[in-house]
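Listed after this line are the structures, all set down as C-alpha cells.
Each of the next two complexes has chain A plus one other chain: chain B in the first, chain C in the second.
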Partner chain A sequence: MSTSSIIHTSDLCMRYGSNLALKNVNLAIAAGEIFGLLGHNGAGKTTTVSIITTLLAPSSGRAEVCGLDTLRDSRNVRRRIGYLPENVELYDSLTLKENLLYFARLSGVAEPQKRIAGVLDFLDFTTHENEKLGTFSKGMRQRAGIAQAILHRPRVLFLDEPTSGLDPQGVITLRQNIKSLNEELGMTIFMNTHSLAEVTKTCTSIGILRNGELLYHDSLKQTMAAFPDQASLEDVYLRIDADGR
Partner chain B sequence: MRGPVLTIARQELRIAGTNRLAMLLSGIFLGMVLISGFIGWASHHTVTSVYGEALREGAASGPNPFSTQQPLDLIRNTVIYTILIGALSAILVGVQSAMHDRKAGVVDLLFSRPVTTRQYVAGKFLGMQYLLALILAAAGLLSWGTALFIRGAMLSPADTGALAAFFLLAWLFLVPFNMLGFIFGAGSRRETSALLAPILVWVLLVFVLPQLGTAAHPVSLLNPVPAQPASQGSFFAFNHRILQPVSPADRFKGASAGLLGFSPGGKHFETFDWTTLAIIAAAGFIAALLLIRSGRMRKPVRE
Partner chain C sequence: MSKAVRTIFFKELGDLLRRRSFLLLCAALASIVALSLIIASLNYHKQLSDYQQYAQTLAQSGGAAAALPPQLSPLQQLRGSIEYIEIIGPVLAIVAGYGIVAKEKYRGTLRLFFSRPIGALDLAAGKLAALALLWLIIILVLLLVMATTLHFVGGALFSASTIAKLVLSLAAAWAYLMFWSALALGLTCSSKHLGSALLISFIAWLAVVLLLPQIGDTMDPDNQVPGGLFQSMHVDKSHEHAIMAHFGGYESARNALEETSISKHFERASFAFLGVKQIYNQQPVGYIWGDTWKDTALLLTGLLASAAFALTWCNKRNLIGRSWK
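Up next is the complex of A and B:
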C-alpha cells in the first residue's frame, strides 16, 4: 500500500451468486484528491463504494481507509468517512434539524447543535432547518444528505451518483459544495458518477470500471495528456472503454 | 454525550407516533382495559342480583357465595385482552419499527455511522419497551381508576402493588411478541409477510399450543385461566405435560390468576410462571440480537 494513499483496495472481488461483480480491483487514492469512478450501469461502482464504506463485505481481497481495514475495523472506518447515497433518504416526517441531530448523535459528535449550525451555515442552508424533509426537492435533499455526511468532519466523503436527478442549478450548487469541502476542509472525495462533464469540472483523478474490472486509473491531467488526440474526457472514456485498456 | 443505543431508543420514541396502526391497536387495547372493569362489575352485579332473587324466592339459602369477590377480580378480562389485542399491538410495534427505517431508506446511512447491528437492535429494543411500558402504565392507571369508580373506594396498597405487578407481568408476556414482529420486520422482503408471519406464530403459541394439551376444554382458550389437562387420552395428557410449561399464554394466565386473586388457590405468586415468561422474554431479545443482520435490512421492501 502506498503510504500516502487514504483509500486502498487490493484484489477486491465481489460475487453475487454466480455473477462476479468486482474482479481484483486495486485502487490507491491519495489524500486530498477528488476521485471520480466512472463506468456503465452495473459496472460495479456502487458495489465498490459499498465495500469501502463497510456496508458490504467483499468476497475476497481487502479495502482500507486511513490505514484501517474495512472489515476488521469497520467502526473506526465509519468514524472517518461520510456517505451520501444516490437517493438521499432521511426521515420525511422529521425536520432537517431533527434528522441531523439524530445522525450527529449516532456519529458521536460533541455539541451537535453547534456543529449542525456550522454545517448548515457552510452549505448556506440555515433557512430550511425547521422544515420537514418530506417537503424538500431533490436538490435540497441532496444538500441535506451532504450535511448529514459531513457533520462529524470525516476525512473521506463518498458520493454515489451525486448529480443524478438534479436540475442545472442543483448541479452547480453541489459542485461548489464538493469543491469547498475539498479545498476548505481538506476532505478527500470519492465520487461515483455517470456524468463525464461533472468529472471534468470537479475531479482531480479518475478510474474507469467495466464489468467489475478497473480498466484505468490516473490523474485527470495525466489522462488528458496521455490521449492528446482526444478532444474531451468523453472521447477518452469511449476510447479506454472500447480498447478495454 | 449520548451513546448510539440511547440515541436510537430516543429516535424510536420520536417516530412511534407515526405508526398509526400500532397506535390504533394500542388505543383499542386501552379502551378494552377501561371497559374490562365495567364488564367485571356488570357480570358480578348480575350474579349477585340473580342470587338475591333466588334467596327471595327461597330457591337458595345462606350468605351470597359471590360477595367475597377479590377487588382485582373486576379486571380479569384484561388478561385476555392482553393476550389478544396487546400481543397484536406488540407485534405491530415491532414490525413497523424495523419497516419504518427500511421503507424510509435510511438503513445504509445508519450503518455508515459507527453503529453496530447489535447496538441498533438494543436501541430499538429499549425504545419499543419504553413505549410498551408507557401503554401498560396507562392501562394500569385506567384499571386503578376504574376500580375506584366502580367500588367507590381506593384499592389497598397490597392490591395496588398486585395491579402494578400484573402489568409488569403483561410487559414480560408482550416482549417476545414484540421481538418476533421486529425480527420479521427486519428480515422480510415483503411488508405483508413481515406482518403475517409473526401473527401466524402468535396464533400457534396462543391458540394451537394450549389446545394440543387440552382438547377437552377448548373454551378455556378465551378464558382468563390456564388450560386444564385433558381428561382423557394419553396423547393430550403427554402434550399437556410437555407443552403447557412452555406455553406463554398459559403461563401468563396462571401468573395473572395468582396475582389478581381469581385462581382456585386464591392470591399467590406463581414463581414458575414468572420465571418461564422472563426466560421467554429474554430469549426473544437474544434471538433479535443474533438473527438481525444489517445486510438483510438493506434489501428493499416490496409492498
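Up next is the complex of A and C:
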C-alpha cells in the first residue's frame, strides 16, 4: 500500500447476496485533497464510504485510512475520521449542545464543552446551541452533522451526498464550511455526490464509479486537461460513463 | 464501567425518564398495586374482626375458642400486588426493552453512533445498565407504595425480618422484570423488522406468563375444586401424599411444565418470602431461603441468559448492516 495516500483501497469487493456491488475498487487519495466520488444511484458510492468508515466489512480486498486497516484496526480508524451520512439522524429530543456533548464523550474528546464552543464558533452556529434538533431545518441538520463529525478533529472527513435536499443558501454555506475545514484545519475530505456543479466548485480530485467499478480517478485539473474537447465536467462525466459501457 | 458505557448509560436513562407514556404506565402499575393492597388490607381486617367476634361470642357464652386464630401475616396482603407485577410488569418491561433499541433502528441514528470509536458491546452494556437502574427506581417506588399502604391501611408493624422478606421479594421482582427487558432488547436487535421483535416478545410473554403456569395449575388436582380437592374430601396431608405417590409421572410432567416458566419461579420465591404460601408463613428468612433458593437461582440464571442473549445479538451487523444498500 502506498505510504503517501491517506485513504487507500486495494481490490475492494462487496457482495450483497448474488449482487456484486463493488468490483475490485482501487483508490488512493492523498492527504489534503477534497475528493469527489461520482456515480449514478446504486453505483456503489455509499457502500465504498461504508467500508472505508468501518461501518461495513468488505467481502474481499482491503481498505486503509491513515495507514490503518479498516478491519483489523477499526477503532483507531474511527478515531481519525469524521462521518456525515446522507440523512443526518441525531437525537431530536436533545438540544444541539446535548447532541454534540454526547458524541464528543463517545469520541473521547477532552474538555468537550470547550471543544463544542470552538466548533460551533467555527461553523458560525453558536446561536442555535440550545435549540432542540427536532426544530431544525434540513440545512441546519447538515451543519449540526458536520459539527458532530469534526468535534474530535479528524484527519479525514467523509460526506455522503452532503448537498442533497439543501436550498441554494444551504449549499453555499456547506461549500464554505467544507473549504474552510480543508484549508484552515487541513482535513482531507471524501465526498459522495451526484452534483457535478458542486464537485467543480469544491473538489481537487474525482473518481467515477459505475455499477461497482471505478472507471476513472484523477485530479480535477488533469481531468479537464485530458478532455480538452469537453466544455464542462458534466460532459466529461457523460463521456467517461459512455466509454465505460 | 468504561467512559463510553457511562455516557450511553446516562443518555439512555435520561431518554427513558423523558418517556411520559411509559412513566404513566408505570404509575398505573403502582396505582393497581396500591389498590390491590388496600382491598387485601380490608379483607385482612375483616378476617381478624370475624375471628375476634367469634372468640368474644364464645367467651360470653362461657365456652373456649374451638378454632385456632387465622394464620395471618401482614405481608400476605401483597399477594395481589405480586400477581400484578408478575403479569403486567413484563408488558412494561418488554415495552422498555423494545423501545430502547427500536427508536434508534427506526430513526437510523446508529450509523453515526458506529462511526465513533466504540463497540456494539458498549452500546448494549450502556442500554442494559440504564434499564437496570430504571427498574431499580420503579421497584423502590413500589416498595415505598407497598410499605406505606401496608403500614397506614393494613396496620402492619415492620420488624427487621418483615422488611428483609419484603426487600427480597422485590429484589426477585427486579430480576424478573430485567429478564423481560433484556429479552426484548435482544429480540429487537436480532430482528430485521421491528414489528416482528414486538410480536415475538409478546408471544413469549403469553406462553411464559399466562399459558405454561395456567396449564400447570389446571393439571393440579388440588385446583379442581374450590378450597382444594383433598380438603373438600377431608383427606389429610399424609393421605394426600400417599394418593399422589401413585401419580408420580403425572405430577413430574405437571411440575416440569411449571418449571419452564420463569414467572412461576418468581411467584414461588416471592410467595414464599411473603408467607402467601402457608407453609412459609411466620418462618424465618433463612428457613425460606433454604427451601426456595432453587427458584431464586433459576430466576437469576434466566436473567443472566437473557442479558447474554442481548449482549450477543446487539452487534453492528444486526443493528445497521442489514439495512445497507
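Everything below uses one rule, namely that the second predicted complex is superposed on the first by the 244 of 245 C-alpha atoms of A that agree within 3 Å, B and C clash if a C-alpha of one lies under 4 Å from a C-alpha of the other, contacts with A are read in each partner's own complex, and residues count from 1 in each chain.
Assume contacts are C-beta pairs under 8 Å (C-beta built on N, C-alpha and C of every residue); 3 or more make two chains touch, one makes a residue touch a chain.
Given the structure is predicted, the values throughout are model-derived calculations rather than measurements.
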item: Joint occupancy of chain A by chain B and chain C, clash or fit; value: clash
item: Contacts of A:181 with chain B and chain C, given as first, second, both or neither; value: neither
item: Touched partner set for A:78, first chain B, second chain C, both or neither; value: both
item: Contacts of A:159 with chain B and chain C, given as first, second, both or neither; value: neither
item: Chain B versus chain C as contact partner of A:148, first or second or both or neither; value: both
item: Partner chain(s) touched by A:47 [first = chain B, second = chain C, both, neither]; value: second
item: First, second, both or neither for A:110, with chain B first and chain C second; value: first
item: Which of chain B and chain C A:56 touches, first, second, both or neither; value: both
item: Touching partner for A:22 - first (chain B), second (chain C), both, neither; value: neither
item: First (chain B), second (chain C), both or neither touched by A:87; value: both
item: Chain A residues contacted in one complex by chain B, in the other by chain C; value: 53-56, 75-76, 78-79, 81-83, 85, 87, 89-93, 102-103, 105-108, 148
item: Touching residues (chain side chain B, partner chain A) in the complex; value: 1-2, 4, 7-8, 11, 14-15, 18, 104-106, 108-116, 294-295, 298
item: Interface residues, chain A side, partner chain B - complex; value: 53-56, 75-76, 78-79, 81-83, 85, 87, 89-94, 98, 102-103, 105-108, 110, 148
item: Chain A residues touching chain C - in the complex, by the definition given at the top; value: 16, 42, 46-47, 50, 53-56, 75-76, 78-79, 81-83, 85, 87-93, 102-103, 105-108, 145, 148-149
item: Interface residues, chain C side, partner chain A - complex; value: 3-4, 7-8, 11, 15, 18, 107-109, 111-119, 316, 320-321, 324-325
